């Protein structure tokens, strides 16, 4: 199984008064990396109302904070597909330093593919499934 | 068991291109309400390095998105203490409309009380425990 | 001439590592207060693509930072219309403490009323002009 | 005179309901590029309380929005020093597409070098002046 990894910047405005990356910013770092992954697969921007084949809603976010990210700099975000269902998907995330093999945080996001008009769950297309397969732990 | 509830604004800059509250903003709405709760208890600001008795790190966030929050306006955030341990604490959150009894989202945050210098877990003081008791589901 | 004033919260996540309100957040505090003003006038949300009579683009922002806002708490934002032109508008802002007559910051925002489809400048309607008149320094 | 230029990402969460880059985010794109410039000069992070030789406060921001930035993607931020005074500095910014010679926005930030303890204006050191000289339009 493959993973997708991208470096992301941590900026002054991302830090909180404790001089560490604010806990809400992790959601953005994960989402931005997922957007880049989506683009790399040729699926267009992460979330666009004119791409019905990949339109989805966020169903769940979870993050475990293992060690604070201190000061500005760069981090790596790694992701893969933990599980793909009929119309849902769970993405696993890791937040890592650029130069060591420890973990700052682990996350998970569940999304549901829906029809842009009715917002009712839709089956992922075979094309999307095929694109995601190499990055997927389990299908069911 | 009591809960704490506060209205929070949803602003233009909180909305995403789908015209709904961006999923990362829920973390901020929850955190801000927790800050107000902390203040109401007389514990000072939610997180201040000069208040060693309440200094803590975020250990985990989780959010289930049940129904999108559409457009600008006001929402209610309700919280209570789900469980207080020796040096940890889990807060439960609900995001609610101001005028109906449905749920936009459910969340949970785990924090760990640490020593501001060493960052090692610290026992919550009896004072903090006593203040939180009326809002607490379970202690253990 | 009247002004419009509203209290706004300053939250933990608004603070930067210097423990002061981050300079970019002033733009949001001003915009949110402008949104509330717009609502109070009955003009609907500050910016909504389905309200063609008030649809506009931001042409300019400027802010002078006079004294840092330290820590979490509440501030007042005061605004009035500095000048209304045929299709443009300049709003003046002041950021103030809740309990003293000093100024944290002065700002100004210029907006241009445009057609939502063509994005070409549109004349403000007489209705909008009449609503804004009591808050306006100069028209021309 | 030289300029410094860096590509910056525009992400889903940077877009507003009009599907354009939110006006407040320009301040962050400019600040982040200034931070990278500071690092490239060897001045350390843009703003760090333990680097007294570069410690400063933001005195003024201004931005003219010339054309909306639509959708996610990448932009270029260009900056140079417009003027350096005894203890102040004005940075000029341009926001540009990655592939055309038009301007999305022009900005300017004035900062004042201060003593981290007293917050009173300090003379820029000769070292900082020398580092900035190649990027500076006017000194005085």
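Letters are used for the chains, namely A, B, C and D, taken in the order the chains are written, and counting of residues starts over at 1 for each.
Note that in this section contacts are C-beta pairs under 8 Å (C-beta built on N, C-alpha and C of every residue); 3 or more make two chains touch, one makes a residue touch a chain.
Remember, it's a predicted structure, so these values are computed and weren't measured experimentally.
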item: Between B-D and B-C, the pair joined by more C-beta contacts; value: B-C
item: From chain D, the most remote chain by mean C-alpha position; value: B
item: Copies chain A and chain B - rotation angle from C-alpha fit, nearest 5 degrees; value: 180
item: Interchain centroid distance [CA atoms averaged], chain C/chain D, Å; value: 24
item: Chain centre separation (chain B, chain C; CA means) in Å; value: 30
item: Chain B and chain D: spacing of chain centres that average the CA atoms, whole Å; value: 35
item: Interface hub residues of chain C, defined as touching at least two other chains; value: 12-13, 16-17, 24, 28, 31, 47-48
item: Residue ranges of chain B in contact with chain D within the complex; value: 12-13, 15-17, 19, 22, 24
item: Residue ranges of chain B touching chain A (in the complex, touch as defined); value: 16-18, 23-25, 27-28, 31, 47-49, 57-65, 68
item: Residues of chain C that touch chain B when the two form their complex; value: 9, 11-13, 28, 31-32, 35, 45-48, 71-72
